[in-house]
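Take this structure, written in structure tokens, and hold onto it; I'll ask about it next.
Letters A, B and C name the chains as they come in the text, with residue numbers starting at 1 for each one.
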Amino acid sequence: MTYTQKRVIANSIVMALSTLSALIGIGFLLWILSILIINGVDALSMTIFLEEGAPPGNESGGLKHALIGQLMLVGYASAFGVPLGIMAGTYLSEYGLKSKLSETIRDISDIMMSAPSIVIGAFVYAIVVAPSGQFSGWAGSIALMIIMLPIILRTTDDMLQLVPSTLREAAFALGTPKYKVITQVVYRGAKAGILTGVMLGVARVAGETAPLLFTSFNDNFLNTDMSQPMASLTVTMYNYATSPYEDWQKLGWAAAFILSMFILTLNILGRLFLLKRKGK
Amino acid sequence: MSSIIDKIFANATKFIAIGVLLLVAWIFSVLFEHSLKSIEAFGFSFLTETKWAPNLEKFGALPAIYGSVVSTFLAMILAVPIAIGIAIFLSEIAHAKIKTPVGVSIELLAAIPSVVYGMWGLFYFVPIIRDMFGGIGISMLTAGIVLSIMILPFMAAVTRDAMNTTPDILKESAYALGGTKWDVIKDIIIPYAKAGIIGSFILALGRAIGETMAVTFVMGNVHKISTDLTQPATSIPVTLANEFAEADSELYFSSLFELSLLLLVISFTIISIAKFYFLRRKRTGQ
Amino acid sequence: MATIVDITEEQALKVKNFEFTYAGSDEPNIKKLTMPIAKHSITALIGPSGCGKTTLLRSFNRMHDLYPANRYSGEIIFKDRNILTKNEDLIKLRTQIGMIFQKPTAFPMSIFDNVAYGLRLQGVKNKTELQDRVEKALQDAAIWQEAKDRLKHDANGLSGGQQQRLCIARAIAVEPEVLLFDEPTSALDPISTAGIEELIVGLKERVSIIIVTHNMQQAARVSDYTGFMYLGELVELSPTEELFVTPKERLTEEYITGKFG
């Protein structure tokens, strides 16, 4: 057998193995996705949206408390995290740019984006839960906000830097003050990109469970008081799934389905926005 | 008037940006401060002691550290070859019509919350492990496998991206000398994208070691070091997730804070190595 | 109608009724093209962007097969066989027909390993044989003097012009019969360009050369025959001097006098 023949055989083997591993990986992922959809759709019903948690065994429980709690936790986190992240990102791109300070903030934010979120939970426990003596919706929101900040900051920074500097110069040439150039010209140019960043940031924190375990904790009933422990879809999912009760487990799948669909939708929308921007 | 608003706007953004930096410093210092009691009580032996007994006020982190290392290691050895396979498939084998949908689905799967992977592991994978290896199915091995599947989409996507940075013209030059696909992959693409590929793996490792929910369901939180992978075990994040809300003494809390600090330092180090040594950030906008 | 000169000498390649359509396109990029390529001479392909000259060049070593769903028909005859058939051994074909690209493509390895790459693919393992053939190729590509003291160094440390000569050394090391040059000097400065041109002219004793170029002066300087392509068709193929001095087709004349392009 010539060396070239050997190479051709080696090539076929590697190509087959790669395709096989792709099939294995994709197979696993499809398995998870189909289970999520089958169990989720099976568990969906109007009761889920209309009823609060109920003791196990009577089949009348819903997820209303967790859905509303989730919306409040993520909503408050975004209400603070998004503007703060955009402001900080604005500083990096428009004022600091290549300064040592900006570069350090970028580096640290990059690391924080991959840092373990459960540690943020521990931090918030120390600064909010322990001093106030109780788990609370606020503590959960703060944890989520901290996780969201670096994501919004970095995408804002990147997206603003993509705005051509000639656009800024043209505005400055008209005698426009800098804050107006930024808020009226630069933001407008980077609108789609920032919006995508916000959506991805919201999607990311919406799926967080670990930092909520000991901040917002959980509540089996509807609570809209942010100073009290509050239910979330993710922690509810965890508690219900690890419970021995079948109807609770079923609710857990429903929660997993609703949350995953929400997150996937945000991700897909975010991508479409970016595509649209590129298409222009 | 404009110039005052200008100043306020500039300083406000700067203040918040610096705030982000201070926040990170604050996180470290708060975790450290709350760890002090445990550090005083156990010193260095916290890291080497194998006994974690809250009722005896004795806290040794070695089982959790061991569990983190072993489960992450298992996840990596399972995920790395498959991620490379998927990346090769996506960048070099798949037809354009498959490439995009499969590539995008893999990226989307990376966005599915880890708690969902954990649930899948508990309900569908634990029984398989139980049937194959006996025991209760909740084990180090299960955690490693579920973790590997959890990090697979991220790893495959970034490996593919790294491989795709190889210029077409470079690959064509190797084909033009009579190279096969595999020749081109091993001789051109992998050497060219080496830093990016290794960086992606290390980044995935940094994420895996801090991953909580995917493993909490299936690991068991048993503070025991066992070489039998089919036995329940624990890891740093699993211990935190299970015990933080239940801790009932100052020393117990302090030990959990020290675990948090340890986890943060480990992840910070690994991610920094990946980001700064292997993946120099792409500068945009210039 | 096209004017295609009769080539009396031996032919390295014969293109017959070749038609090529890119994936996803309905309009063929090359239309029913017929063209002889003389052996041991240099044939230049010129024409405006999008005329199909690079597409044609990349058909000779079946580069298009790297990307799915490109369609082609007709024949390209090389060594008495049509190389466009399904059974064609592309690995062997590409060692017989080498290629140099628009930009230098030094592989991420040492200078020595770059030149030895094609030889190793063919199974040459003997150390002295490798060394001899690498040295000879580097000498033939006029880069031995600059490279001999740093054969183990990363090839990316060389200048652009040196890298392009390295790529030529890499291509001739496997002793191909035809060399395809795809705008080989478009990324180089004038001095490096002159060096590469001189090298190309020197190579024609051993190989038949086809060169695609944007630069009409380059075609005039180096080639024996020049083909002018326009909208996927070969408008004129003549000895280079004739084509530039007394073009037979009006389109050729308009192009070389800069009326369009």
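The working rule: contacts are C-beta pairs under 8 Å (C-beta built on N, C-alpha and C of every residue); 3 or more make two chains touch, one makes a residue touch a chain.
Everything numeric in this text was worked out from a predicted model, so none of it was measured.
Student: Looking at mean CA positions, which chain is nearest the middle of everything shown?
Tutor: Smallest offset from the overall C-alpha mean is found for B.
Student: So, comparing C-alpha centroids, which chain is the farthest one from chain C?
Tutor: Chain A.
Student: If you tally contacts for every chain pair, which pair is highest?
Tutor: Greatest number of C-beta pairs in contact occurs for A-B.
Student: Centroid from C-alpha atoms only, then distance chain A to chain C, rounded to Å. What do you get?
Tutor: Comparing mean C-alpha positions, chain C is 52 Å from chain A.
Student: I'd like the Å distance between the centres of chain A and chain B, where a centre is the mean of that chain's Cα atoms.
Tutor: 16
Student: Rounded to a whole Å, what is the gap between the Cα centroids of chain B and chain C?
Tutor: Each chain reduced to its C-alpha mean, chain B and chain C end up 48 Å apart.
Student: Quick one: which residues in chain A touch 2 or more of the other chains?
Tutor: 4, 7-8
Student: Which chain B residues reach two or more other chains?
Tutor: If we look for residues of chain B contacting two or more partner chains, we find 178, 180, 183.
Student: Taking each residue of chain C in turn, which ones touch at least two of the other chains?
Tutor: Counting only residues that touch two or more other chains, chain C contributes 91-92, 121-122.
Student: Show which residues of chain B lie in contact with chain A when the two form their complex.
Tutor: Touch list, chain B to chain A: 2-3, 5-6, 9-10, 12-14, 16-21, 23-24, 26-27, 30-31, 34, 81-86, 88-90, 92-94, 102, 104-106, 108-109, 111-120, 122-124, 149, 152-153, 156, 178, 180-183, 185, 203, 206-207, 209-213, 216-217, 237, 240-241, 244-245, 256-257, 260-261, 263-264, 267-268, 271-272, 275-276, 281, 284-286.
Student: Taking the touch rule as given, give the residues of chain A at its contact with chain B in the complex, in rising order.
Tutor: Where chain A meets chain B, its residues are 4, 7-8, 10-11, 14-15, 17-22, 24-26, 28-29, 31-33, 35-36, 84, 87-88, 90-96, 101-102, 104-112, 114-123, 125-127, 135, 146, 149-150, 153, 158, 160-163, 177-180, 182, 203-204, 206-210, 213-214, 217, 234, 237-238, 241-242, 249, 252-253, 256, 259-260, 263-264, 267-268, 271.
Student: Along chain B, where are the residues that touch chain C in the complex?
Tutor: On the chain B side, the touching residues are 95-96, 167, 169-180, 183, 187-188, 191-192.
Student: Which part of chain A faces chain C closely enough to touch in the complex?
Tutor: Against chain C, the touching part of chain A is residues 2-4, 7-8.
Student: So in the complex, which bits of chain C are touching chain B?
Tutor: Those in contact with chain B are residues 23, 61, 63, 66, 68-69, 90-92, 94-95, 98-99, 101-103, 105, 107-109, 117-118, 121-122, 167, 170-171, 174.
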